[in-house]
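Taking it in order: structure first as structure tokens, then the write-up.
Labels run A, B, C and D following the written order; every chain starts at residue 1.
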């Protein structure tokens, strides 16, 4: 593979950035330069040493020169690949995202993608992505850009809005979880060991965190009939409250049994392809109360935990075994290899709609399968889901478009139109306005 | 004008049928045969005498031969025009439409077009329209068909579903009320007498009862800037609770001040073009409680009143002065004159989308302006409303399409998907299911 | 009607400009200021006196103040309406348009809209319209602009390309001739006096000079069945050579019997709605030789005549009776009255596609019916013609789009792609290139 | 791989059928039953023995049971895969396809896909495919159907017209030749051995035999800049007449230097992706004369040779070495393996448009890349070619659609509209009609 210059924006991070380094170390055919950039300059500089330890621990010394750069232009200049994984605003901002809506009776299980919290987070994040796109345009217009930051759809859309010629995509592992869920079902249904998730071939359609499986195969086996049977079995939806309570106790915020994913299959004809905590936020029927949510075995991630872990992450000291690389479930380095001409791959990606999603306008950022190869991503036309699913996705995508336009034009009145139109909004117009204004203040958002 | 054979389906009715006769009497250039058909055969026969009185009272004896027919095929045979204005199911069915949802916390101000009540009413009405379309296909395939029955969009769509070659349109006077509202504003703004509503030229877009004005002119005056000013003035939205209370007392269910119509203009950029009681039902922000609704001066029409007036209507005895014709606000006879080649007119109509509404699929029944002339209706391309409005309308139209498909295929599971997706649905999935099944039973709906 | 300031670009002309003045004089409710602008400044100044005579001869003195302006910005400033009727380049340029292609065996009957001649004329005209649009944007952005210059579609498209916010339309009387042709048929078929062309209601679709009638009514009579009968009668296509010879002798270049218009109806299912000399140029089957063309009774307008009459026009001295106004077949002043709020009208216009033509991309300049009223033109959705007709129109529109893009980008290689793709092109690629380069030289076209 | 039952319609053939057997023998993981069906029953029975020899010669005895069936229903029953490779009508029919148009001055280099000959061949072939589709629907509705018969697009479209639920695709090796051409260029440009064509990754768009390459990569090298350079070098288009003469002498009808393919790149911006003899037939600029065609080194395949070789093919006696299998350039067996769940592949296929080609209506049969895997073909969204190329392809696709509709409705008047609209048509309307009627007679085509 050819020598690659990579820049990580958010290179001072303690999670994504480190994971990416480990993946690089694991993939022995990669080599080149790794540039760490972070608005927290010290964090980026600190991570240089971590990176060097990662390569050393994994017997990969010398493959990558690692440097930190304080100026974004210098960091980007000459890059072949840019990775973006940042936290837009301080963790404290998420107080407004999560707690204020709750005070008005709007519950959110994650609050970083959709709902009032997702919209406010977008308002903090999107201008940063406009700025990054401008810098990419100036310093490395031919580089490929991979975004991992939420709200995924809007951050990726922001890159294209500010620099339409950008070569960008958004990556997310939620769909992999659905494949893992299906792999476990395969093991059970066919009495075989759990296959690798990559053996589960799916056709999918939607927007990030609100994506749906319309077809699923394992080898020559069509999995949909068995899934539909499962969704029509009332036992599948047995009360999950006890499970939810235990998850609360154990702080297993991310676990789920895909009951909400299956509920979409039951009622609307396609399987949700994200964790239940994400799926629940895009429609009004699951977050009417914690009690209701718990019946699906799903719990909300609380602000207090986010606050606590953010601090822990910052202070974390890595042991050598933390830095030991193995085959991960992240595809960033695989994607890099494809785009640099080393191989070809079909996987799910977030990209501007060129026709792969028939029911959304061209240009919208959508999630579906694509073929990645030398310097090229070509979307695969997704099968149409039932109209009921299209309807739900269109609403979400329209609210995203309104949010993007509002932030681009610095128009908080249009942002309020998006806010009101969000599927989680269950307040009277005037209460909604009151909440909106409080959230703007809490986020300290001014143009 | 050429001799015209007209059939009124619902010809035994005491309101629409009589009004239409009066309009025929008023328009002296019309002549021909008027056939009354009703599933209540006696009512149709009784109305023959009323019709004769109408023509007599208005010095129009002899222009129309009036007959009642008991068999629909005989009633339709040879007709040039078919008018449909029926009540789908007994008034008692509306108990289930209105009261059951209320028990679950879903308030509806009208409940005949959208919301849980509208969907159940559609499930009663739509099969009747499939049947009527079949009869038209067999007995008078070239006749023009005007539907006045609610849910307007779905009943008209049902005609096209069962007989794609039908020449049908839906007519509704809600938009005229918006023109009247604007005419009154014109009087105030320009210090002139209130002009006729036909002098208010508007561009409009949407689906019936959820239509929006994007442009409005009176003579050379663009009214939009003044309307926007009005919508941005907080005085416009002063508390209407006292007004609402009075309307409740006086049983003025239909009155409104267009505060909700203006609220759409304020928040979303286009003026609602229907009565507030209709507009309120298509979104979640106004019917969160009666208190909230009353702040807009709007009240809900109660089931008890419907029950009482249905009885009164049936028992009504017409006095001569009740039958005296004058220029009415209904356009049925004007439309008939256009289609029969007597004149040409631009007005708002409900028709299959041929491209007049850019943001909805072709074929959906939409409301916008059209040109009516000899044997022809050509839609006028509506200006696009802001995306926020498009998003709201698309949801409504998709739910309507799902409802139509469900009823066509006798698929109550798909009907439940529509039921869940209705913008008024604020229940948990399981509560929604419970309500759905109760409403099916209450409507005594079986395939 | 309100006072109107009108600017004629090409105000020194001896044909259109004078006709427009006569129409103004005829319409007694108009008044205001008429500004004449022409790149031939003296011609504009000379026409001031002619204008004054026009108003005097027609007893309309004082209704319009007439002035000439030498600077376009001054001419446009404050205008409500701008009329454009210019000759792009000297008459001598048409030598290259017409005679050079003929030397290569490409015959053109008009050569100002399509074919090699039309493309070269566009290359001269379109930059002038870019410039005019820029001036309108600067000096009177809210004015309505009516273009009469050929190539109509491309000149109007050029206005929108350079100033997307412009309020422009293109007007052409070719469709009126089709209405007159139908009016004469009506007289014959129904044994009545020839009705006014406005009584013939047609639905039409296409691009200027290549427009098609899909429906035609006179009062309550559908004319299509009779037209189809006519097109299927072989007598309709009896040899027109003798007629053509006589027309040649009498220099009746513009006369025709609509045999080519009817030939489209016979073979493709829709009636051509322009003079045969225009229709013939958009397809390869009629101009294979003069002998072939003459069988339809159609002759080509020769360059020599154009040269001679241009001179005569310039030198023409008007007598009072030449300036006497009567009801003309031009609609410019009627359109002005509509847009200024004085009345409303349905007529055929050239406008950007907003959905009125389903088979062409949005934004293309298309010809179909529209409703004109106060400050507003709303297109009417045209009925779809048969696919065979759509296919022919799409080719023409695509070649126009390529031509526009080529001129906008000053890209003669793309212009050659358009040149090759024109339906009249029957040469080998290399001969086509040779002709293309000669024509560029003949037109003295350089960027 | 699972056991597969395959039926070859045209199983008595001496070319395709034998090649497919060899490919089956070469691919050692395939096994099952091979059913030969042919309207020439004896030929199918004779080929059973040939098939057995093929498997024996290649040490594959026993993998496939080979049988001949005389009744199509019995042949299809229970099949997983159906291969169609037939000759529609006797070779003598091609006299009318090729020689009659030539008498009117319309030259065709192949005459089996487009042009007057292609349309008449379609009229013979398409009804056979309607019939095959009906049989598939009845006897093996879940089977995959691969068509190899020309006109490819129309035969495949006919399958979907008669049985919309069919799982069919069309396969053609013309694009492989373009990849081979590029592979040879790669060898020259990069001074490497000629790579396998599968290493040349291309993005392509169009309809069969008129397909275009918009992007081409070899490893990390973008080939388009070098190709454009080649197309802009006048040496590339040096006179090929001498080469053409030699090819005529040697009867090398199929050889070409892709000069016409490159001429499209030069003038229109995308590389033709089929042999020049095919590309030349879809536009009017190359077949104006044999002299013109020869300058590109391309010659026409004469009817006399077709007649002679058809006879030779029928009489051919296979030697063992003729039946020896090796890796072929055909992909039929590879595609079968994908669809049966044995592997996954990206390749070019002919399929209904689901959005992969943005500029053609949904449902049209188009050629572009797709992903083939278990029981699934998903199209990849093709990059848009320049508008000039889109315009050419749209014309061709529209003429195909008209042809299909005409044959479906047995409407020779609509077929004539298609005939007139073909890009090779350069006759006057009346001469075209004369030729059309002669060709109908020559083909002995009656409904």
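In this section, a residue touches a chain if its C-beta (ideal position, glycine included) is under 8 Å from a C-beta of that chain, and two chains touch if they have at least 3 such contacts.
Not measured: the values here are computed from a predicted model.
Asker: Same or different: do the copies subunit C and subunit D touch each other through matching residue numbers, with over half of them shared?
Answerer: Both copies, subunit C as well as subunit D, present the same residues to each other, with over half of the numbers appearing on both sides.
Asker: Compared with subunit D, which chain's mean CA position is the farthest off?
Answerer: B
Asker: Whole-Å distance, subunit A centre to subunit B centre, using C-alpha means?
Answerer: Centre separation, subunit A to subunit B: 45 Å.
Asker: Centroid of subunit A to centroid of subunit C, CA atoms only: how many Å?
Answerer: That pair's centroid distance is 55 Å.
Asker: By the touch rule stated above, which residues of subunit C touch at least two different other chains?
Answerer: In subunit C, nothing touches at least two other chains.
Asker: Which bits of subunit B are touching subunit C when the two form their complex?
Answerer: Residues 2, 201, 203, 215, 217, 219-220, 222, 340-341, 344, 346, 354-356, 358, 369, 371, 373-376, 378-383 of subunit B touch subunit C in their complex.
Asker: Given the complex with subunit D, which residues does subunit C contribute to the contact?
Answerer: So the residues of subunit C touching subunit D come out as 263, 267-269, 284-286, 288-289, 292, 295, 386-388, 390-392, 394-395, 398-399, 401-402, 405, 413-414, 416-418, 420-421, 425-430, 432.
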